[in-house]
Every structure is written in C-alpha cells, then in structure tokens.
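A short write-up of the structure that comes next.
Read from first to last, the chains carry the letters A, B, C, D, E and F; within each, the first residue is number 1.
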Amino acid sequence: MIPAILLMLGIGATCGIVLSLASKIFYVYEDPRIAQVENNLAGANCGGCGYAGCSAAAEAIVTGKEAPSLCIVNSKDGVEAVSRIMGVDAGEAEAPLSYNMCEGGNRAADKYHYMGVSSCKAMDAVYGGHRVCTVGCIGLGDCIKACKFGALDMGPDGYPVVDDAKCVGCGACQKACPKDIIQVKTLTEQLLKFNQTHDPLAPCAQTCPAEINIPKYISEIKAGKYAEAVQTIRMRNPLLLSCGRVCPHPCEDMCRRGLEDEPVSINQLKRFVADYEMNSGSRIPITCAPDTGKKVAVIGGGPAGLSCAYFLRRIGHQVDIFDAMPKLGGIIRYGIPEYRLPKKVLDWEIQGILDLGINAFTQVKFGVDFGLSSLVASGYNAIFMGIGAWSDYALGIEGENLDGCYKGIDWLSKFASGQDIKLGKTAAIVGGGNSAIDCVRTLKRLGLEKVYIVYRRTRKEMPANAVEIHAAEEEGIDFVFLAAPTRVIGDENGKVKGLEYLKMELGEPDKSGRRRPVPIEGSETVLDVDMVISAISQAPDPSFKDTDPTPKIKDLELTRWNTIDNNPETLQTSIPYIFTGGDSATGPSLVVTAIGGGRRAARAIDLFLKGKPVEPVENSLLGKRIPESIFKNVEGITPIKRAKMPEIPVNQRLDSMIEVDLVLPEDQALAEADRCLNCCRICYNPDTEFPIAK
Amino acid sequence: MAQSLVKEFTKGLWAEIPPFRLVLGLCPTLAVTKTVENGIGMGVATTFVLVFSNILISMLRNIIPSKVRIACYIVIIATFVTIVEFMMQAYTYELFLKLGIFIPLIVVNCIVLGRAEAFAGKNTVIPSAADGLGMGIGFTMSLAALGAVRELIGAGTLTVWGGSPIFEIGHGYIPFQFMVEAPGAFIGLGLMLCLMNLIGQK
Amino acid sequence: MTNTKLIVSHAPFWHSGDSLFQQNLNFLIALVPAALFGIFKFGAPALGVLTLATSSAMLWEVIMAIISKQKIAIADMESAVIGLLFGMMVPATMPWWVVITGTFVAVVLGKYVFGGIGGNPFHPTLVGIAILMMSWPAFLDFDTAYVSYQFDFTALAPLAALKSQGTSVLSSFSTYDLLMGNEVGGIGSTFGLGIIIGGIYLILRGYTRWEIVVAFIAGILITATLFYVLHPDTYAPPLFHLFSGYTLLGAFFLAVENSSSPVHRIPMLVYGFLGGFMIILVRNIGIYPDGTILSILLINLINPLIDVIKPKALGKGVSHA
Amino acid sequence: MIKRSFFALSKPRLTYDLLDTSLQSAEPLAVPGSLTLLLPEKIDSAKKALIGPGDAVKKGQKLKLYDDSTPYVLSPVAGTIKGFDSYSDDFGNKATYIMIKPNPSAKGDEQWAQTNLEQTLEFAVGHLGQIPGALPFSTLANPDYDIRTIVVTGADTDLLCDTCQFVCSAYADQMAAGARILKAMIRADRICITVPENLSVQVDLDGFNILRTSDTYPSNLPAMVMKDHLGKVLSPGTIPENEGVCFIRPEALVSLARIYETGHPVFDKVITLIDKGGKRYRVKATIGTPISKILSCFNVQINERDRVIIGGPMRGLATYTVHHPVVPDMDTIMVQDRDVIAELSDSACVNCGECIRICPANVPVNLLVRYLEANLYEEAADRFDLESCIECGLCSYVCRARIPLYQYIRLGKHELLTLRENA
Amino acid sequence: MREMLSMIVVLTVLTAVSGGLLAAVEQTTRPQIEEQVLKFQKEPAIKEIFPDATNNPIQERADVTADGTTLQVFPAVLSNGKKAVAFEAKGTGFGGPVGLMVGINIDTDEIIAVRVTTHSETPGIGSRAKEDLSFVSQFAGKSMSANFSLKKGGGDIDAMSGATVTSGGVSQAAIAAQALYKKLKPEIVKQIAN
Amino acid sequence: MGDLFVLAISCIFINNILLAQFLGNCPFLGTSKKMETAMGMGMAVVFVLVMAGMITWIVDVYLLKAMNVEFLRTVSFILVIAALVQFVEMFLKKSIPGLYAGLGIFLPLITTNCAVMGVCLINIKEEYTFIEALVSSFAYAVGFGLALVLFAGVRERVILSRVPKPLQDTSIGLVTAGLIALIFTIFRGMV
C-alpha cells in the first residue's frame, strides 16, 4: 500500500509540476475563444469531423472555416453553446431549412434533347438548361446528390422535396443548385421573403398584396393537408379568417383559369381552411425564432399593426401594441359590420396573434396618452405607426352639419362600439366605396324603410367590391347614380329633411380612362331622407403631431393627403426608427394591402434592429408583373363551374346582423381546389381528359 | 427531471448508440467480438468504468483545473479500469484471458473519455450516471450484436456464458471462418453500420 | 423544321466506338481457350462451375441493382468477367453453394459496395477468392479436390507440393507439362499456353496494358532467379514459378484489372514488378503455397500511392511570362 | 467517323482534312427576310434600352443596348428592328439577340460614307467590331496583353474543317493586304501563318512567317502551335495572349483588307457546310442569317434528334435551334444524323487509361474526372492539372466508359473561374 | 501561481488516492486471482499430463530457485510410483507468448506429455496447437536432451501444416523448458525429495 | 542486430498494430480521409510512440517492478503518456511552430489512441529489453503509419467513387480496412 501511494504520489506530482511549468514556459497566445469552444465540443478527439482532434476543430470554428455544428458527436446544447461563444446572434442561430421554390419544373416544355453529364450545373451551362422555363427546376437532382443527410428526394412530380425532419440547413443543396430554386432559409428569412422578379411565381401570387404562395396552399388543400395550408397562408398573412371574409381578392383577377373559364375562388378556399382551423377547436402551433432581446412598439392594432407585430414576434423580437380603441382590430373591427366579419371570429383571430407573446395596451391614444419620447424612454428600439385612416373627408356642401348627418367610418365605428345612434326612416349614403356599402347594408338591417346610395358615376365605376354591390342590390338598396350632392336640406329643428343633388352625365374619358361625370345644369333633384351619411373616403388623422409634446415628432413628414411620408419599398419614414404601413401609409386601401405592408415594415424593422442598412428588396416585384407569366390564352382547359359562395337567403338576413356569407362545404372546397392549375411562372397543369388521373 | 433522466439514459441505447451512431470505441469493438460472450464481457466492463468514472468526474468537476483536466480524468478512469481488471481476474478469469490486453485499454477507449469530457464534466452526478449507464448498455448491446453476427457466421454457434454454446447451426454448416478473423471484424462492423444507416433512414 | 428538337451535347461529337461491353467481351473471348481446356480436362463439373459462377455473378449484380434501385448494369458484362474468372480459379469439384457464396463476396463486397464499376480498389474476383480461402480453405485445396479423378500426370498441385515437400518434387513437373496444363489447379488456371495466347490477344487489342504484364512477369523471373541462384536446393527455378499456380492468370488477367491498377507508365512497371516480387517472396519464405491472390491485392492496395508518379502536365511549372 | 482499329496497341490517329479542292468558290446566299444578331451583353431591365422594336436601322449602324455599354454589333442591312430578347449562351453567358427585318429599298450607309477610315486600333475597336472572321480588336487593344506575334490559323484547328485553308487559297492577296494593315495598326513583331504540311495547293504567302503544322490532331490547336513552333509553353490557366501571341482567322484579315479597300464594312461570311454524308458545301452568307436558310439552300433535312454543330467534330458547339444565326466566328456547320450519334453514359470512370495515353497535355484525366464529378474544382486544379487541358476533346473521344470528359473539364474550368472570382 | 499550485495538488492527490485504492483492491483480490490462474490455466494441463497422478500436484506446488531464476513446479507421483514434475515454459508464437506445460519423468528425464496452456493465436490455425493433440503428442516420450526444433530448422518436430509460427512458438517453449530443466533440476529434485 | 531487424519487420507487417491487433482504430478511420492528414498523423504517432515506449519501459522496470507495484501499470502508463503528449504539444507550439503545424495538431488525438498505450503494454508483456522496446515501439508506429497511408490512398479514391449512400463514409471505410487487413495476411510467416 505504501509504495503504491508513494509511487503514484511521485508520478502525479511530477506530471503536475511538469505540466504546470510547461504551461507557463511554453505559453503561446491563442484566441481565448478556441479554448472555450473546445470546452464545448465533445472532446472525444475522435477525428470524426475530419480535423485532427478537438482543438484543431475548435480552431477551425473560431477562424470561421467551419460552422459551430462541426462536431458530429456534440449535443444540441453544445452546438448552441458554441454558437453563443462565436457570437453568432441567436436570430441567426435558429435552424435554417431548405426550401424549394419551384414546384413542377417538369411541366415546362423542353427545347432540346440533352446528352451529357447528368447534373443540373452541367446542363445549365448548355443554353441555360433544356427547359423552356428560365427559372424552373432542371430536375437532374444536383441538390439531392449534394445533401449529405438524405433530406432531399426527387418527388413524383419531378422536383426535389425536402424532408424537414432530416434537413440540418447546411446549405449544400443551395450551393449545388444552378437555378437558385433550392434556398436554405431560416424561419426569419422565410417569413421576410418578398417576391422578386426572378422568382417562380404564379400570376395570382404576384398579384396578392400580401404575397401569399397561393398555388402552394391550394395544392395542400387538394391533398387534404389543411393544417399545412393554414401554415402556408400564415407565412404571409396572420389574418386569414378576416381576409377570407373581406378580401376583394385581386388574385382572382389574374387567375389563368379565368382566361378560359371562371377564375378559381381563391379567397373562399382561404376562408375554408381558416374556418377549418377555427372550427377544429385547437390552434395550429405557430413557431417563433429565438428571442433577440429587441423591443418594438406598434402603434395601432389594425390589420397593418397586427401583421407587423405578428411577423416581428415570429422573428424573435418583443412587440407591444398600443391602440386608441377599446379592442384591437382597427378598421376591420370598427369599420366592417358584423354581418361581414363577426366580432367573435375577429376576437379568435386576434387572440391567436397575441398568444405568441405580444402585449396589447388599448384605449391609449398616441400623442395624447403617450408620445414618442415616452416610447423611446421605455426602451423601444423601433416604432411602427399603423394608425390607419380614420378621418372622413367632408362633402363640403351646405347643411353638412345638420342633425342626421354623419360621416361613414365615424358612424360605422360608433355603431360597432355599441354607441347609441339615433336612426331615421330613410337614409342617403354618399359615396361608392366599400364603407358606403357597409353603411347601407347595416342601415337596411336596422330596419330603415328606404336606403339610397348616391354616387356621382355609374355602377361600373363604383370602387366597392362587386360582390358587395351585388349583395346590396339583392337586399333592396336603391342606387342613385350620376348624382352629385349639392346641399343637405334641413327642417326648422336643424334636422335633415332631404338631400339635393345635381344629375350628371358622362363626358370624355380622362387620363385614367374613366369617363368624367359632367353636371347637367339645372337638374337639381331632392331626395327625401332624414339621414345623410357621407362615405367618400378618409385620411389619417394627423392630430398626434400637434398633441405629442415630443419635439422630434415634428420631423415626421406627412404627405399632402396626411399620410405618413415613407419609402414605399422599406416603409421607413423620415425618422429612421419609425416605420409605417397600412392606410396611414397608403391612404385608404385593402386589408390585405395593409397586411402586406405590415410584413414589409417588419422586414425593414428587422434590418434596422440588426444594425444592417435598411435597403429595399433586391429586384423587388412590388406591384410589377413578370411579363412572361401573363398569358393571353391557356390551352387544355375544360370549363368547370366555380363554386358558388353559400350565403343566407336575403329574406333571412335582413332581420339581424348575422354573417351573410357562409363557408364552402368540404367537398365543394376540394372540387374548387381541383380547379386550380397549380401555375408557376410559365407552366401550369392543364385539365386532363380524365380528372381522376390528375 | 425524471423525464430528462430517461432521455439521458435512452439516448445511449439508440439515438447515440456507440459505436454505431457515435463512431467511437472501435478497437475493442473490433477485437473482442469473436463471440457474443466476449462482447458482453467487454461491454459490461466498459459500462462499469463508464458509470463510475462519470459519477466521480461529475462530482469532482468543479475542483479539477481545466489545464490538467484530461490527466485527471484519465487517472480516474484508469483507476476504475484497474479495479475492473482485478475483479475480472478474480471472478471471471476465463473471460479475462480472452479479453486480454483490451481490458487495460478501456482506459483509452474514446467513449469513456469522450463521455467524461462531453457529459460528466458539465453535468451533475445523477444525469452523468444515467448517461454513463445508457452509453454503457448501448455499447454492450452493440458489441453483443456484432459478436453474435460474427460468431454465428464465423463459427456457427452462439455462446453467451460459460464456454458452451447456447445455439449451434446444424452439423452440415461449415463455418465461414472469415468472420471471426481480423478482416472479418472490420467488414462485419462496416456492414452493420450500413444496416444501421439503412434503418436510420427510414 | 421549326419544332424539331435537336440533340444538344458537348464536344466532341465523334467517339472511337469503344465501350465497356467491347472490353469485357474481349476479356471473355481471351479467357475462352483456358476455360475450354479446363472443361475438356475436368469434364462436366468444370462446365457447371464455370456456368454457375458466371451466371450467379451476373445475378448478384442484378439483385443488388434492384435492391438499391440503381440502373442494372449487367449489359457491360463486367460481372460476367468477374464470375468467369472466379470459376476459372477454383477446382471443378467446388460445391455449388460455395461458388454462389464466392461470387456473392466477389461481386458485392468486391465491387458493389465500392459503387460498382470503376469504384473497386481491389480486383473483385480476388477479394472473393481470398475471403473464401480464409474461410473454407478445404474447398480450394486442389490436392483433395481431385482425388476421384484419374490423370495421366502428377496429380499434385505443384506449389502446394513444393511448399510441403521441398524442391524434391520439382522433378515431377516438367515445364512442358505446366505449360500444356498437365497439372491440377483451378479450372482455367492450368493451361498456361491458352492463358498466354488469350493474354497476348488482349494486349494486342489494347484492352490490357502490356507494361503491367511484362513487369509482372519480369518481377517473377528476376526474383525467382535471384533466390534460385543463391540457393538452388531450397528454391524452385524461375520457369516453374512462372508456369505454375495462378501466376499466368494473374499476370495476364488479374493484375491488369482497370480500376485497381495504375495507368501511368512508371507506376505500371513498379506495380507489375512488385506483384511478381511479392509472389516469389510469399512462395519462398511465406506460409502460403501460392501468393498470387494476396500479392495482386497488395499491389492493388499500393496502386493509389504509386500512380501519382506521372509525366509533367503541359505547362506545369512554367512561370508566367 | 474514325473508329478504333482492331489492334489498338498504339494510339488512334486522327488526321486533319486538307482543302477540298472540288469546291473552288463560295456560293453567295441572298439576304434572308429576317436577320438575328447576337450581342454579348445581357438585358438589364432597370435600364432604358437605346434600341427598341420598330426602330429603323441603317446598314453598318452600331447597335448597342445602353448608353454605357461597350459591346455593340453592326447591322449588316438596313431595315427595322423587330424586337430583341435575352439568350442563354454557353456556360450561363447571357446575351441578347436582336431581330432585324431588312428593308431592301433602303440603300446606302451615309454614316460610313462620311466616316474617315483611320488605320488605327482605336478606330477599329470603335467601329469594326464583329467583322467576318471575328478579328479580336478588343483583345489586341487590351493593355493587359502585349501582343507581339500574330498567328493566322491557315490550317483549320478542328477535324473535317477546311474553311480557313479555303480562305487562304482563295483570297491570298486580300489576306496579305489585311496582314499589312493589321501589322501597321498594332505594331506586331511578326505575323505567322500555320499551313498544313501536306497541303498541295500553292498559296502565295509572302510576308508571312510560315509554320508548317503536322496533319495529326491536335497539332493545329493554339497551345500546340505555341509549343511546337513558337517554343512557348503555356503555363496552366494562361492563354496565348498572356504570352503575347494572338491567334486570328485568315478571314479576319481578308475582311480587314476589304473594309479598307472599299471604305464600307463587309458582312458576308464564308461558311462550309458538311452534310450528314460528309459532303461539303461552301457558302457566303450575311452575318445574322439563320442556319436554317443555309441548310434549306442545300436541301439538308433536319429531323428530330439530329445534331447541328457549329464548328468541327472535336471542338464544335451543338446548337439547339436551326434559327441560330451566322456569327462572325462561325466557319463550319456540320450536321449529324441521329443514327451516328454515339450514346454517352453516366457510368463512372473505369480507369482504363485510354485518356491518359492519348492526352497531348499529360493531364491525369482518370483522377481529374473523379474530382470534377465530386465538384472539387480547386483540388482538381491544384493536384490534377485541370488547367493544363488544351481542350482538344481526345479524352472524350477515346473514353471507353463514354463519359463526357470534355464537358466535365470545360465545366470544371468554368466553375473554377467562378469560384476564384467569388473568393 | 495559485492555478499552478492547484494543478499540482489536485493531480497529486488524485493519483495518490488512486494508488492507495488500487493497492487495497489488489491486496484483497490477490489470493483469489492466484487461485484462478491455477484453476484455469495450469490445472487442466496438469490433469491431462498426469492423468494417473496419485497426489494433487496443484496443492503440492512449490517454487524452486536457482541463480536468480524462480520457477513454479508441480510435482506428481504417478500411479506406478514414479516421480514426475511439471512446469510451464514460454515461447513466442504468432500473436504473443505461448505457454507450454511440460511434464517430465524425473528419473528418466523423458517427457511424459506436454500441453499448451496459454496462447493468443489465430483461431483455426494456431489454436489447433491446443486442441489438436497430434502435434503436442510428438513430444511425448522424447528425452529432454532431444532437439525440439522444427524439422525445418533441423530438429525433430513436424510443424503443423499452415501454422508454422505457432509450431515454432511451441518448439521455442519446449527448448526453453529444456534450458530451465537443465538449470533447475538439482533444485527440483531437492524440492521433491522434501 | 538481425533479431532486431526481424522484430521490426514483424511489428511493421506481420503483427501490424492496426490491422492485426486492432489498436488505434478510431484515429485510423478518422484521419485517413486525406493523404495529408494521414501522413501527419503517422509521423506524430512515430514521434510520440518512440518517446512513450522508452519512458514507460523505464517506469515499468525501474519503478513498478522495482517497487513491486505492477498492478499500477495501467494507471501510471496512461498518466505518463497523457502528460508526455500534453508536454510535447506545448513544447512544440512554443519552440518549433513549424513542426507543430505539421504534427502538433495531431497530438491530442494520440492521448486516446490505444495504439500508443497498447504498444507500451505489449513491450512489457513480451518482456522486451530496452533496445527491443525501442525498436518495437518505432516499428509498430511505422506499421501504424504505413497502414494509415496505404489506407488513405485507397480511401481517397473510394470516397470519390459512387458508394451507395448507407455505406458511405465510416461504413465503407471499415470494409476497406477489412480488405486491407486481409491483404496484410500475406506477410504471415515471413519471418
């Protein structure tokens, strides 16, 4: 025993002394991070990484030659620890995934027969590949060969399919693809992707102001993957229940099927999956990137603000929403009547967004209850102003202030917030937009005997959604076209008695191609009404500039329409840390435009928060169309009836405010989804003779 | 807590089973798997060392200075290895003879040091024990599996304990001796690894 | 004319017309004399073994291609050559299941796992035979294999006899007998003349590289001569080594396998010579009677190391003007 | 096509064709109803193009896309621009094609009649780009190169081709005149001309430094001429221009002489057409003429899966459309019937060594192709002499596994350049 | 400095504790281990060499020493009353030492039998030395002065075919036994006599 | 002298530490993907093994055996080797950076390389003299390096061939190593 202890004591002491001396004598400076990284590697010195031992691997990581995930033996926590040491910020440490942009390159025609090296890269070098499509998948599977993890496979439709479970986001596929079709993106990058001129986009997806990947979600519906379809929509639009109800769907105007047949009822399909989720009783989980520790204030809880907050939250920023009204939703809560968008649905939708971890403060008005300086002082790194356009334009005619005269949005929001409103028996609503229609249809439901719409042009020129106009007609609204109000006639009590208007006729077309209405002299006519609502458009309310005591707010420039001046690509305002979007940036516009704007602002805010230059998206499509994708005719289409929107019969709906439009039943939704040609930039699926074969 | 313990334990059984998933500890895997018995014996010995060294290292992890970390770990491991050596010599002598030089070489088995560095050096005692046990059992299973394949093909028998086979392919079977030879060990392990990759892909 | 789709490919637009099928077909043709002689000498069982070996090798190729969902590549006849060579190296009495196992090992372990044609670092047939030899040496023992046969010559495998009984047995084997196949051995490995004719045919047709063959034979002759000159009593003369066992088959057909042999001139000479040298070394001082199989595998192994000796590429080392 | 011989112990010998003396002259082809010009610049949608559909152009007018672009083409005819669009060339080079509808009634090129033809390089660079024969003015004017030697490729570089030989013999006087102009322009030390050693036709080549090249392929390729006749070996990755040598076509000299002789640009290009049976036709076509016009002129039928090759069988370029226009550097058009097209395969290299034996540059093709297949371009260049390849195509020609080796190598070189540019 | 000191101290203490612990374990297990060695390595060989021993050679084992060489010997009394002794000698085989238990008739100096005790040879080739008795039985009856080299080296022993090296190892061991016997015989005789 | 030569040959070829004794396989597979790495590792092993062989022999003979505490062999050997490797690494890094760049980075791999420990144990087990131990250490290390370089040569090519996906990397590496082990049996009985 004693010799053993002595011996070991001796050896141990010798080794200890030698090593500790050596570590002093032979000290060489090296990046301290190497030791830290090495501590977080598996330390097995197994050589599995291809480097000679863990310290060599650590050095390679620290010098940036290799990724923090180099060590094959390391645990997930270890990789994260290494990433942290390397100062890779958490936002970038989120796992990237491979993402396929072209779904169905083999549908494009061939321009030649190819013989040679079987690789996309090689074929791309020969006149850009054999496919006529310049951006589509060549289909020789370079990406699949490049994937070391077996996460890619050639799908049955001739394009690579990514298995998310196996993808580690190494980016090998992206490097291998000569066409930029496979892109490895983090969640942040995916959420903040905007359409670019070189993307393989269907006409509908190019048109959608929110840039939703429409063919993708329709094909997911086709395959019965409703949850996936919801996820696809949510990549671009958090308010799918609302949009599914109120969106005027510009996408359908560009639907290729519409060239030969009726367009696919895209919006109804959106509503179908959105309602599917709501009615399923549970919410589909929404993933968020790791926290970045940056705070953003969103002023205005309308569609733009909600969208911006949602995307900022998903990419890992902390977001607080401030709204002047008692409840979030903005114009879609207070401007859109219950029968179009039930409040219950809206509540459910907004709750889902807040559940991501967004705080909402209501009944606080910017410029009054809080101001710029208080936000800055509270540590917000950026501000999004989505204050909407709530101030109605005045008609500018005599008698406008008589009792019984109201302004469109003002009236709608008062009604929506349950304030008591004195009603008459007959009403005239001036204007041809959606707010005007909302007013008339609401009034009709409130039991008015006669409700007129007074519009100075014809039905064809009405900016309101065609379906809305149609529904109003069905519900028995009286349309007075080519009428320019000149005076509100009041009685002795100062109450409205009638509306005088001048008849118009259409003159020569103006620059915009619309024929200008020209007044007919002496054609004054009086409409007997006891209520007049002017709903002729709105502008943002600029009062905050005066009420906010912060001097800096004076730097925020407004346009002559009182919208907040901004760079339309980045939505950055004249104060670098303030961004805007929605109606306050564009003037009154579509809900879906506001949602798209919110997302675009989120991208700019993200760049701003990460200290990167806030630059526009390169080759941004933004409102443009890809010329080669716009067809004049589409071959191989057999007309199939478009699914009809189910709705409550007119006689039942006028009694109450219940929702008029109903959701498509599943079979019809599937049939409608089947009508989609699954278009891409130049290719599409023609109808086959035997629909089953599809 | 319990859940994470189970996780630490089970990862060694499949998700990170050495040496198939973690390609570590190849030398004993190749050398001692002529029979199932040897494989199990080696596995158990390694498990013992893994568990106890993991426990001790996790206990001492705050005391040991990082510059002499490896040396200290190695001393601890070597101590347990020597204890195992004595035990095997005293109680399972035949096995000891068969495993020969590979018992002391558990010291340099990269799994043991690897777990010490990667896990025990950073975690508390109980998870470290679970990790060691899981890895050890996983290692034992791998060795037994490879041993079974090699013994079955190369000798036509399966020997689990005590020298006499528990299973023998009929007398007409002429053993494919290549499998119990050195080259067969490499190829057998290589093909099993391929099999594991195939299963893993599913 | 507007809608005709043309073939687009890269230059050159001509091809010499050579193909793998041509190459392997010529290999098979070159093996015919020796194989026919084997069938003639060992009778129907030899025919059976050759057919089984060739067909089972091709079958394994097909099976593996199906399992791994790859393109079936038996049309290039590579596996037929592997199988036939395997058959020619084993005794005619080899049981069917040994043949099938052997070709499995050869095709799958020798070739398929390395990615099929062109990927194998070692000669597949030799991998098969070497593994069989380690597992079931008894089936490759030519002395016991032919006990039931009646031959009009010494029915002893020359090399095994040399190993166990020393140089005294040499008198039983005349060079003429060895050359004309009057010895026991693998079905197709005894008829030296046939192998030489086939081998020369292949060289002339340009399907094997003469440098390897010449260097290989030179390696054998020179090394054997050295040993023989030093100790004529203990070691056999060079011609005996050249014409016995697998030597000729190795020189003309095995060492020259494309994928496992060098392509540059100096490496080819080194490779061949080393092969010959190792064979004699094994026979004279090693434990195996014949060393051809392992020797060729050994030179296969060093092939990647020596095949880097190559002529300077055009302009290499020329400095910028 | 030359096939492998039965006894193949030695290398296959591919020999150049000598001038086909049965074709004494080139048949002029009328200006077609539509011309296509290729402009080596890609369309930038962000910029405003200078030209647009409907614009009238004059013969000899300089057409360029944008104000700041350098590349331009000269319109070979007077007419109207029908449109232009982008065109993907080899290796992802983006170009623009411009369609012009000739207007036969428009005449004259006042612009040129007024221009004072200067015999300077600056003038040529600015006004004579893309003349038939593609004289590389921009290379000659490039300050990075110190061009001291001009080599005129009197011997065609590819098999089967004899256009250059034809031009040398048919327009020898103009060629000599062109050479004098060029020499004056660039102050070159010497102008050499390669001539096949067995050429029996007597050509008057006074003033040229005659290099007699052997008839074995690839001895007429620039790298081989440099090595065998100029005593300069190109180091890997360099081009003859780095060594001060520039290779030009004889036709470029002829065009040069004619321009200065007539005072007007010339646009007719001598082209040899080789039909499916190997028969040659000689034609003089206006630049921009679609190939299909030439084909139909000689009743060459094109079927599905045939191959139309611009250039010779070893180094040419297979086009995917018969609408491909005649371009200044197009000498030969070769048509292959689908029945004679050898199948390629995607088999792995079997290491047979044929390519090693035949490679004139000693490139270890067998290993090189493995690295190229694995996209290891840097390694291929460092260890396996990727850049030493002189691009003769012989390795592909003899490849037993029928791997498109030459394509791999070209692609590898291209990718290597991209890698280095990005680095 | 503090760091250095802690490095030295920790390492030293750790090694010392390890040394002590191991020494303790070693002491506890030593008797058991010795017994195991006898039981598994030597006993079977001795039983085969002296199938008819009337005593228990294992129990009567003794260490004999001469000129600094110590050897453990197992004396046996055969059924015919003759005295014999067995001991182990080592040679080098293919994969390491080959242990050979040699049983010798003390009176005649003739080998009674030999058995291979330990080997680490290739299974199937070298391991036959242990199982295939025809090889080891060549030694039986040979005088201790015979030439135990292989025939190849000019001796009397036929090598096992295909296992030349192992045969050589056994032969080496036998030769080693010869040397040991020659050196220690007087001591052995003395020992047995007691 | 002749015996030492025979011993060396036997250690390099016949009892090759990697292919016949199964020692040092982890770095064998890990560092054989590239010829450069293989060469570096081979040299590093030669360097360390010779030193370790000498030191452990001295420790064994003059300390363990002398003090009759042979049971401490494992623990003392490994400690000595680990300390040696770490020392050499530090020394090279500071004093001979050029050599460190070539060999030093492989040193950490060697601590857990069972070939080193194995050879030291074999030296003791076979009761070699100091010179023999030196020769055997060197020869085993050379054998290790030789096998590694040969393997790397083959593996560099194998990596580039179209190995089926599940077999790629380690799996095919092991199969190749197996065939090399098979080939190395050619040296059996040569000394």
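As a convention for this text, a contact is a pair of C-beta atoms (placed from the backbone, for glycine too) under 8 Å apart; a residue touches a chain by one contact, two chains touch by 3 or more.
Predicted model only: the values in this text are computed from it and were never measured.
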{"item": "Target chain D, source chain A, minimum contact steps", "value": "1"}
{"item": "Chain C reached from chain B - shortest hop count over touching chains", "value": "1"}
{"item": "Pair of chains joined by the greatest number of C-beta pairs in contact", "value": "C-D"}
{"item": "Centre-to-centre distance between chain D and chain C (centres being mean Cα positions), rounded to whole Å", "value": "48"}
{"item": "Centre distance in Å when chain B and chain D are each reduced to the mean of their C-alpha atoms", "value": "67"}
{"item": "Geometric centre distance via CA averages, chain F-chain D, whole Å", "value": "59"}
{"item": "For chain C, residues that touch 2 or more chains besides their own", "value": "5-10, 109, 113, 115-116, 118-119, 131, 134, 287"}
{"item": "Per-residue multi-chain contacts in chain B, two or more chains", "value": "23-24, 67-68, 71, 75, 78-79, 82, 86, 110, 113, 177, 181, 183, 187, 194, 201"}
{"item": "Chain F: positions in contact with at least two other chains", "value": "20, 26, 29, 69, 71-72, 75, 79, 82-83, 86, 111-112, 125, 157, 161-162, 165, 167, 172, 175, 179, 182, 185, 188-189"}
{"item": "Residues of chain A touching chain B in the complex", "value": "12, 15-16, 19-20, 23, 35, 39, 41-46, 48, 73-75, 78, 150"}
{"item": "Complex contacts: residues of chain E adjacent to chain A", "value": "3-5, 7-16, 18-20, 22-24, 26-27"}
{"item": "Of all residues in chain B, those that touch chain A in their complex", "value": "22-24, 66-68, 71, 75, 110-111, 113-114, 116-118, 121, 201"}
{"item": "Residues on chain D engaged by chain F in the complex (per definition of touch)", "value": "348, 370-371, 373-374"}
{"item": "For the chain F and chain D complex, residues of the former touching the latter", "value": "157, 159-162"}
